[in-house]
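Can you keep this structure in mind? I'll have questions shortly.
Chain naming follows the written order as A, B, C and D, and within any one chain the residues start at number 1.
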Amino acid sequence: MLDKEGIAKRIAQEIQNNSYVNLGIGIPTLVANYIPKDIHVCFQSENGLLGMGPFPKESEVDPDLINAGKQTITMLPGAALFDSAMSFGMIHAQKIDLTILGAMEVSEMGDIANWKIPGKMVKGMGGAMDLVASAKNIIVAMQHVNKAGESKLLPTCSLPLTGIQCVKKIVTELAVLSVLPEGGFKLLERAPGVSVETIKKATLGKLIIEGEIPEMAFD
Amino acid sequence: MLDKEGIAKRIAQEIQNNSYVNLGIGIPTLVANYIPKDIHVCFQSENGLLGMGPFPKESEVDPDLINAGKQTITMLPGAALFDSAMSFGMIHAQKIDLTILGAMEVSEMGDIANWKIPGKMVKGMGGAMDLVASAKNIIVAMQHVNKAGESKLLPTCSLPLTGIQCVKKIVTELAVLSVLPEGGFKLLERAPGVSVETIKKATLGKLIIEGEIPEMAFD
Amino acid sequence: MINKKVANAEQAIEDVMDGDTLLLGGFGLCGIPENCIAALVKKGVTNLTCVSNNAGVDDFGIGLMLHQKQVKKMISSYVGENAEFERQLLSGELDVELIPQGTLAFRCMAAGYGMPAIYTPAGIGTEVAIGKEVRNFKGKDYLLEEAFDAKFAMVKAWKGDTAGNLIFKATSRNFNTVMAMAGKITIAEVEELVEPGELDPNQIHVPGIYVHRIFQGDHYEKRIEKKTISV
Amino acid sequence: MINKKVANAEQAIEDVMDGDTLLLGGFGLCGIPENCIAALVKKGVTNLTCVSNNAGVDDFGIGLMLHQKQVKKMISSYVGENAEFERQLLSGELDVELIPQGTLAFRCMAAGYGMPAIYTPAGIGTEVAIGKEVRNFKGKDYLLEEAFDAKFAMVKAWKGDTAGNLIFKATSRNFNTVMAMAGKITIAEVEELVEPGELDPNQIHVPGIYVHRIFQGDHYEKRIEKKTISV
């Protein structure tokens, strides 16, 4: 079973060389810490920056330079600044190769719910609906079950949707799964020490298991 | 009867203080030479410049700085550069207060034809269709009759249209006329030494003459 | 050049009336028109509809206007981190329309470009699409979203000149450019106001034609919402 | 940073095939991709559809490609001043689609912003509107115009870095920005190519994400179409 850092570490393996990536808030943010040294990746922050660097040192803090999570950040050499319209323009034009975000629920058709829980104060969808409506490739980073122990991988989402038929892959504390175009969660890898049986029990949507399921490999 | 410089000089009187103006090719370009000293006006060139200045001195010529007529130009202090999309964006958003352009024909409904003559090589509409479709105020600078002696102020245009119901005022070598919203050319002023009778003969569209028509006044 | 300079925020906003719609630049607390907001609070104008990506925090930004109950409706993409906001929303005093962040940006851009509406894929298949026109282009569905029609835009830039030209710094650019372009009356506050000719025409983010009033603001707090440091 | 640098124009355009659609930046002869055009002429690729505001002059710019009969169709707003162009057009060798200049810009911008189509008032009531959808918003008619779908864009910038970030000079910006954003494969030639970090991130006109290949061009002629001097 993986902790949050483990999920981030596994997702980092999915990042291809020379790609533009948008990281959501939460576990996705941690992914940046695990990018292999030989991989060139450029992070977009949808409030208007390509080439986002690490958090600043105390002396470098600039209130005019924040990321989409409103944290202070830095820019790497070769960074570019732009406005929110161009930012979502490049998202909609599918210039971002990979979007990594958290979710409350994912359906076996690849629908995602991650912005609203009826009866609770709604904070808003921010840029999530734009990202999921446009991304070429979306990986969801989330826990396999919610705090009540219920599966978050479902036949259909019960919560209000953020987007439809968009999630391509899911990485949880238990497994890596792809969402098939025809529907269904295809089990690709097990977390270290996690059995297929455990994953089956935690998955309410259609789970597809073909052959031997390997354990995730970490360097 | 006015020459081209006279038409330009009369149109310059129409320019209000603190206005943004787009000048078309031909007579409209000459208008810039007659703006009163106490009037602040900012000229837009639709290839991406606000704050267009005079033609450069030989030593100032820059091939990267031209106007929409492809002439070398200069920028005034406070100028701003932008791309073609923003340029036509500000045109369509009606940020330009006044557009002055030439025409082959104008109809009594304010339709304008100025880009194409059937049977002749067509060069294209350039930015004219955008300008006439969006401008708050359009003044046409043209000769009252064509080279064949036929009126260019018509009940309806015979040439392919550039835009419809858009021309607000016309200044010719003979007269100043406004186009009424309900249709018709209302005669406002006569050129020096030109009789109402002469204007009547040169105007094929509905001409509205009310009371005494004053002669144009120049300082 | 056409001179857009006004003395201060009070003068810039003097004709804002109860019930007006305002576009307010900024993302979180980054690049918000601090001086205009302070002047609106002082003026006490009410029943405002505010279009802004976020709603400030309890004691800063639009939060200051919410605290005084000046806002009737917020149109935003994300409104977290504001207890008074939550209280007014739950009590029904405040109306909130949540829209995708890209849609917010594009509806401003559309206004600034004279486009009546734009098509966006954001919100397809969600409650955001309810009651809206869906149209398929080349196999993909899009929602039709209308341009904003707002009386005022208030933006904050880094540098500006008296002709209204604006330059923004870093990520404080965000919605400020497109809102500046979208306002019927656009008010820009800047950290440094210079004379025409002092800004490089090649580096201007918003040409002065879009800006109706400009002033040099003062006492910029530039509060940081989530100061995060590398160790 | 992701490195977009290629050696030269020949390498940048090596996969352009007969029949491809190219977006070519520039207004008149200002800001045209001189090196890319020279390489296309050398390569001899034919049956091209070229989207460009103008068509060059007889012996420069796209005129060089027309002279070699490499162009099957031009999509432009204004094509005057080119005798060979006129000859090919009248003889039926060349197909020309004339569209309003703003429509040309917006159809590029739409592609770069992921918008399938945009509404524009330009051309309403004219032959440009024939066969197109007209829609009324708030009492005004607009035409629906589709985003360009072009395999290549070729643009010319003043400065660029190897990450693909571009800065343009003066009015050579024109269509270059929106075409750079619109290409499926965007090739940028620059007068000066620098390392990442040498350009101010705040001054970049086209972020590198839109640019796939970049090289430093040489022998820029920058021919002036109408040199006009004050006396």
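Note that in this section contacts are C-beta pairs under 8 Å (C-beta built on N, C-alpha and C of every residue); 3 or more make two chains touch, one makes a residue touch a chain.
No experiment lies behind these values; they were computed from the predicted model shown.
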What's the minimum number of touch steps needed to get from chain C to chain D?
1
Set of chains whose contacts include both chain C and chain A:
D
Which chain pair is joined by more contacting C-beta pairs, B-D or A-D?
B-D
Among the chains, which has its CA centre at the largest distance from chain A's?
B
Chain B to chain C: how many Å between their CA centres?
36
Just how far, in Å, is the C-alpha centre of chain B from the one of chain A?
56
Could you put a whole-Å number on the gap between the CA centroids of chain B and chain D?
29
Where in chain A do residues touch at least two different other chains?
49, 75, 81-82, 85, 88, 91-92, 134
Considering chain D alone, which of its residues make contact with at least two other chains?
106, 113-115, 120-121, 168-170, 201-202
Touch-based graph of the chains, sorted into line, ring, star, complete or other
other
What are the touching chain pairs in this one?
A-C, A-D, B-C, B-D, C-D
Quick check on the complex: what are the chain A residues that touch chain D?
18-20, 40-42, 44, 49-51, 75-82, 85-86, 88-96, 134
Considering only the defined contacts, which chain D positions touch chain C in the complex?
106, 113-121, 137-138, 140, 142, 146, 167-170, 201-203
What part of chain B is in contact with chain D in the complex they form?
45-49, 54-58, 61-73, 75, 81-85, 87-88, 91-92, 111, 121-130, 133-134, 160-165
Touching residues on chain D, where the partner in the complex is chain A:
1-3, 111-115, 161-163, 165, 181, 195-197, 201-202, 204, 207-210
Under the definition above, what is the set of chain D residues touching chain B in their complex?
27-31, 53, 76-81, 86, 89-90, 98, 100-106, 108-109, 120-128, 158, 168-178, 205, 222-230
